[in-house]
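So that you can tell them apart, the chains are marked A, B, C and D in the order they are listed, and the count of residues begins at 1 in each.
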Amino acid sequence: MAGGDPVSDELACLECDKAKDECGVFGIYGPGKNVSRITYFGLHALQHRGEESSGVAVAGGKIEVHKGMGLVTEVFDDDILNRLQGDIGIGHVRYSMKSNSVINAQPQVFRYPWGMVALAYNGNLTNSTDLMEDLSRKGVIFQSISNTEIMANLLARHYEGDIEEALRKVTCEIQGAYSLVVMTQNKLIGLRDPFGIRPLCLGDLDGSFVLASESCALNTVGAEFIRNISPGEMVAIDGGGLKSTSLTNNNRQAPCVFEYVYLARPDSTIDDINVNIARFGFGKQLAQENKVDADVVVGVPYSGTTAALGYAQERGLPFMEGLIKNRYVGRTFIQPSQKLRDLRVRLKLNPVKEILEGKSIVMVDDSIVRGTTSRKIVKMVREAGARKVHFVVSCPPIAHPCYYGIKTTSRDELIASRRNVEEIRHHIGADSLYYLSLRGMLEVLDLPEEKVCAACFTGKYPIDVSGCRACDNKSFSEKGC
Amino acid sequence: MAGGDPVSDELACLECDKAKDECGVFGIYGPGKNVSRITYFGLHALQHRGEESSGVAVAGGKIEVHKGMGLVTEVFDDDILNRLQGDIGIGHVRYSMKSNSVINAQPQVFRYPWGMVALAYNGNLTNSTDLMEDLSRKGVIFQSISNTEIMANLLARHYEGDIEEALRKVTCEIQGAYSLVVMTQNKLIGLRDPFGIRPLCLGDLDGSFVLASESCALNTVGAEFIRNISPGEMVAIDGGGLKSTSLTNNNRQAPCVFEYVYLARPDSTIDDINVNIARFGFGKQLAQENKVDADVVVGVPYSGTTAALGYAQERGLPFMEGLIKNRYVGRTFIQPSQKLRDLRVRLKLNPVKEILEGKSIVMVDDSIVRGTTSRKIVKMVREAGARKVHFVVSCPPIAHPCYYGIKTTSRDELIASRRNVEEIRHHIGADSLYYLSLRGMLEVLDLPEEKVCAACFTGKYPIDVSGCRACDNKSFSEKGC
Amino acid sequence: MAGGDPVSDELACLECDKAKDECGVFGIYGPGKNVSRITYFGLHALQHRGEESSGVAVAGGKIEVHKGMGLVTEVFDDDILNRLQGDIGIGHVRYSMKSNSVINAQPQVFRYPWGMVALAYNGNLTNSTDLMEDLSRKGVIFQSISNTEIMANLLARHYEGDIEEALRKVTCEIQGAYSLVVMTQNKLIGLRDPFGIRPLCLGDLDGSFVLASESCALNTVGAEFIRNISPGEMVAIDGGGLKSTSLTNNNRQAPCVFEYVYLARPDSTIDDINVNIARFGFGKQLAQENKVDADVVVGVPYSGTTAALGYAQERGLPFMEGLIKNRYVGRTFIQPSQKLRDLRVRLKLNPVKEILEGKSIVMVDDSIVRGTTSRKIVKMVREAGARKVHFVVSCPPIAHPCYYGIKTTSRDELIASRRNVEEIRHHIGADSLYYLSLRGMLEVLDLPEEKVCAACFTGKYPIDVSGCRACDNKSFSEKGC
Amino acid sequence: MAGGDPVSDELACLECDKAKDECGVFGIYGPGKNVSRITYFGLHALQHRGEESSGVAVAGGKIEVHKGMGLVTEVFDDDILNRLQGDIGIGHVRYSMKSNSVINAQPQVFRYPWGMVALAYNGNLTNSTDLMEDLSRKGVIFQSISNTEIMANLLARHYEGDIEEALRKVTCEIQGAYSLVVMTQNKLIGLRDPFGIRPLCLGDLDGSFVLASESCALNTVGAEFIRNISPGEMVAIDGGGLKSTSLTNNNRQAPCVFEYVYLARPDSTIDDINVNIARFGFGKQLAQENKVDADVVVGVPYSGTTAALGYAQERGLPFMEGLIKNRYVGRTFIQPSQKLRDLRVRLKLNPVKEILEGKSIVMVDDSIVRGTTSRKIVKMVREAGARKVHFVVSCPPIAHPCYYGIKTTSRDELIASRRNVEEIRHHIGADSLYYLSLRGMLEVLDLPEEKVCAACFTGKYPIDVSGCRACDNKSFSEKGC
């Protein structure tokens, strides 16, 4: 699709005015099972964590990999899956800004003197620039800008015959968020950073261990959820079973709260909290904090729906589907011409006049990033006859970029980094605007602030990000898993 | 996709265990406008009425057409749309059983001694066999089995210089359901059968007339809704404006109620009734008719959600999203192997254990065709821990095939044609099963039975279908628009 | 490929500055054989007769067809061929001006009251306009402008229970060139027009009869050549064997001589004359007629090579490959920008300086249509250092368009229709220019002028073309098989 | 395409029973020129040197690359080329055994502390195993098995601020054949190994320097040939012009003679010898060495044609095109079933019975690798009626594998490594078999044995290959450029 021109940017914005997970990972140690196919189905369940590239690697003697740009259903077919025979499999889906960058697709496979290793990464290293510079000085060359290549090179430097020991040493040098699955020719390893920023969980599929970013992938392949990988835990799975090691005695844990707000699939349960129930709770909490008079509660589909349901229930107001999303909206799409530009919003969302006309509306969305889409929605809803539009958001204002593996946008484009709530209300044209309080959010989750990462709301980064800030003038997302 | 084998059939079933519209039509008379692009966007809004083929024809001097297998976003690109220059455009999306049948894709273009005509058809002729036989005897040969070719040949026989007069005469010979858009080299004509079975409406886009199967397509292209085309009405649009003719003095009108139940997009308003509001009303009515004790109301996404919301509101029960649909489920999909067959349902729907566990559930779905999917869902919900599963359906039992352009399935496969409600309940494994009453449904719509077609529930066909019954042993859907 | 702009036109010209066959046909009556696959391989051998669309129809009970735009290797895959099961198969390849016109691809299948018929056609009807008008008056409508639809409609009118009798009657009404394969649900029929203008031959594949435009297709599928279908002969093949009927007592036969000059594959033998040997003979004859002094003989690859070899042998001059063709030149190709336009010729042909430098060259090409390419070649050869360039052409000047199924170009674009030989020589920039005499050509073929069609050279059309001349202002090729 | 099964192997064999170049390279230093497009057209001219993957990298500030599996016409389109803006461009085409190995496609881009470098490589390192082991011990990890990654890592170790100096040092460590183009962010470098085994030449395109594996690519883009890069020469081109450095005072030069026999395009001139003229000379020399009685000389198209012409001229025998190649034979092709297996040869080559019948034939081919194809051809020619088949080959027996970048096959599969000429004659079924003598070949080239590499004939490898021999039990071609 053409980039750059204002028309397509504005359209694209409807799609991308959301923060995005950068990756999903999956792994299975399953001798005798069809590991490539199970990995494929696992990735299919994690597709929302990355639509741009998909990859599967299997180990059976040596390691084979297939990856490409696109959804798993586009990158794989029966022939390819049949060729990928092995006992262990890992997979990766990825969101990426760069078109055609199949070179950066994962899993990435590396050849060491002692064997092959495949890595699939979710997260972001905050000291990657330092690490790259240091490694470069020592003669390492990079074929891409990726955390994976950094990890792989550190691994080479620390390996002395024991992959787990080497990984342990690597974790002493790296800083940032990482939920990793690593596959050697005979072992599957899962690893979660000491703060536990990105999720990772463990399941059991008929006696075989399975690792996945979210529990929905366990359910999809028919595995039982066993437990979450703990922050700072490494599990190594081979013919001898599973061995768990704690890499850290870190007390400050910081799982990302934004997974609950928007990123994760609603049927996933992350660190013992179900995502759908959390979202419903955010909506209820919102309703306790914000009691505007209204006739009807409407959610922005699909991500605002659950909080809207909670809000409506708590307030005793009717929830109605006042905005309908065209479910055929996809990635490849012909741009309307300038003359037709007014139809751009309506290609994706259409208001139901009969529901909105003459009504005072509470419009619930999960978050506001740039504010562009929110403004369009408010305008559309007013044109459909709404008398009042009260906009409520089921998280606090996002005023700080994420450096831990979420693609938001540059700081300057985060509307809440430059404007206060009243200014944002004015900008999006709502009659009122209310954000969920952080306190309220944490109450719903029943977690103290010290047990989560809420840096995108508070700016209090649990892991030092000064190295990342240096590149903050650019969109941060150039780097990434 | 491979056909035939039991594995894929069962999977396919999850997709297809719904009745389906066979077509959507769109037309614009818009000199000076980009008619091909507007038609493209209109079809995009009607894509749910047919995912198998898409086509656009334009008249500008002569008539040009482009069509192909697939979604509009797959069949068209900028180059193709730019080549289709003209003053008038019509478009068509189609559901079809037959793979690769681009030959039957519409619009179809016919060359007469007096000029070219393009036809896009939604509906089904009930006397097509007689008409084909009669025409064949008169020397007509058919390149496909299509209502369109029959219409085109009848048109040839009745044309004496006036296309509208010829169409009027054709309507005297044909029986059945038809919402047609017809394009000559300088005229756009819309036509709805005397019973008004399939919908068709008229809009105004900055002074240009637009025709569409559903009003959501008018909204999407930025047109104002003007009115519905009346049953038995023909509108002819050219440089001189719009001329309306009534083709019938039929008093029995019979718009299809199933459009409200499942087929139409919720943001469409058909014959002055908004679809979303109708579905919400069906849910409320259901709740009045069926008052089981329950903890929570869950809809089968996406089509059962609205009625579930209405049900929950009416009963004062909480509505929760207890089933999550994977939004990446598409048409091309690798089949799980036999060993993995249990995961087939979960690839598309995943229960939220935290919501369902230990609960008594009211599960709302819009309709039951074969019962296969319902049974899988009930099983899945029970496995997720539901204590009770009360299944309620927001329409009466579908016991009779549609002969008016809806692909259901053969009569034998309609579970309600062979089993009573208790038997169906037993089959799907629910604790109770309740269908909305026809009386209740009509009350919600505020229409007498004489003003709708509810034949799929009642077997009272407003138009004679004895000719169709003859081929009833086969799946009826071989013929079609 | 983009049309219209001068850049691409000029490039296209290198490709298309040749007359082209419009179709190739193939058929097999082979119960128990894999007829779809055999037809596929047969079409592959006939691909030079049509690169734009490919199609295969099989009869096994009913008739199934698959066709699409592109080469047979692009249109078919294993799955598609496996689905096409039957006892009889026919196939077609087609050259077409129109992009995306899959609607006109063949075989075309027609449904009659008495069964289905598939037709594959090579040639052109000269009274098609009259026939279309007449049929239209009788109520026939056309979905395309094709000889096949005309034939199919005439067949409907004459059928009284006997397909062969009906075809016989059809041949009384049609005029022009036609080599047809016709397939009913249980019979394969081959038919060649009374003048025998386009070729058709019969083979035996392990007891099954095979029909093909050229004998190279028989060889390729492993069939033995039996004989040519005679002008005016119809062969009908079914379970009872082969029955031959003569449809005419026409004495004037007129097989197209241009098949020998350029159209047919060199390994084919048409009407008992091998094409390669004919071309070699044309070259020898040229050498007898034209004895310029020269150092070396060079053919324009690939079509001028054989005549060049004959010329060189006859004159005792060395034949050298002074022009090399890039064998990766295909149909999809990025256009050089204006700045790079000089490289357009060289992308396809590259002179070998070491062979040409300082030499007096006899450059042999098979024919000149517009002269555009010839001029470029002469220029390129001179730039490579040739001292003299004597251009000799292994057929007489093409001064008259073909109306019998060959796409030449409009009369105005045929350089020999507007200029004499000296003017053409001047235009292409050669030191001398010599065309083979018609007398010489006929001597090589050992045929009297009354036994061939040489109308493109002489303007003496064996079948009346006044009806075609009417549309002569347009490119004739709009119509066609 | 299906691998492994005997049917497809045998078919594949017709295609692959030839030695194959593994790569072609191209480069241009052209500020102000459309370097991506020029590189594209240059690669198109070199496509015969590698059909499996294609890539273009450009430097304009930073380095961008696009590459993929397939021909250049498949991998690139206008949009992609337009995105690749820069002042310098390099490109690569590659032959590879491995399907889907886009990871190994070139150019490969590496990031160093001091900038980015892109490499395109033709040849093969003979000490790669040692180098990889050594580098691995020093902590280097490899993402593939490629000479390019080895080179890139050595470069990192030797770089101290001067890329040319670093490359010079790298050449002291590596052994083997390499013709390299290297691009930094502001410089284009060409490099040919001290023995000059693979070709590389320099041209001038309107003031810009161009590098290419063969001169045909210079001609195609409109560049003037300047000179060959000398064995052991490095040319560095930047804004200051071209600087040449000699890396060696090696006296033993060893350009590959097999480029003249088969690999290079006939219109290329390599190291001052035109390929077409060399092949013609081989044919003449063959005729002097081998004077069998025969009626006609036939070449195996296309690669045997030129030598056949030379043979025929020298002997005064007629050259005839007795075998015709189907020019649509491509890479994707449906396999004949077992029942149709006899047609496998004829899909590609068809004999002209009229030319061969009753004749004593001299059949000229350029080389014999496994002998499989030759046997099929002899059989086919005999079945077409040839009385005698004398097989002559325009190079000596290939008895030794190439370790310098040519994919032959494993030693065991080289028929001449296991059998003597009489045994080969018997195997292929010819009446006689004659190979060109090495002495004769060198006479035609006017080069002493000490000035060429003829190791595939003689086993005298100019560069030590003991390291390669170790992996000789496998097909050598797993490694490669």
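FYI, a contact is a pair of C-beta atoms (placed from the backbone, for glycine too) under 8 Å apart; a residue touches a chain by one contact, two chains touch by 3 or more.
The structure displayed is predicted, hence computed values, not measured ones.
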item	value
Set of chains whose contacts include both chain D and chain A	none
Graph distance between chain A and chain C, where chains that touch are linked	2
Inter-centroid spacing, chain D versus chain C (mean Cα positions, whole Å)	36
Distance between chain centroids, defined by C-alpha means - chain B, chain D (Å)	59
Centre-of-Cα separation between chain C and chain B, whole angstrom	47
Multi-chain contact sites of chain B, meaning residues that touch two or more partners	none
All touching chain pairs, where touch follows the definition stated at the start	A-B, A-D, B-C, C-D
Residue ranges of chain B in contact with chain A within the complex	33-34, 37-38, 40-41, 44-45, 47-48, 71, 73, 76-78, 81, 216, 219-222, 265-267, 269, 274, 276-277, 280, 302, 305-306, 309, 313, 318-321, 324, 326-328, 330, 332-334, 336-337, 339-340, 342-343, 346-347, 350-355
Residues on chain B engaged by chain C in the complex (per definition of touch)	65-66, 80, 100, 102-103, 108-113, 133, 136-145, 152-153, 155-157
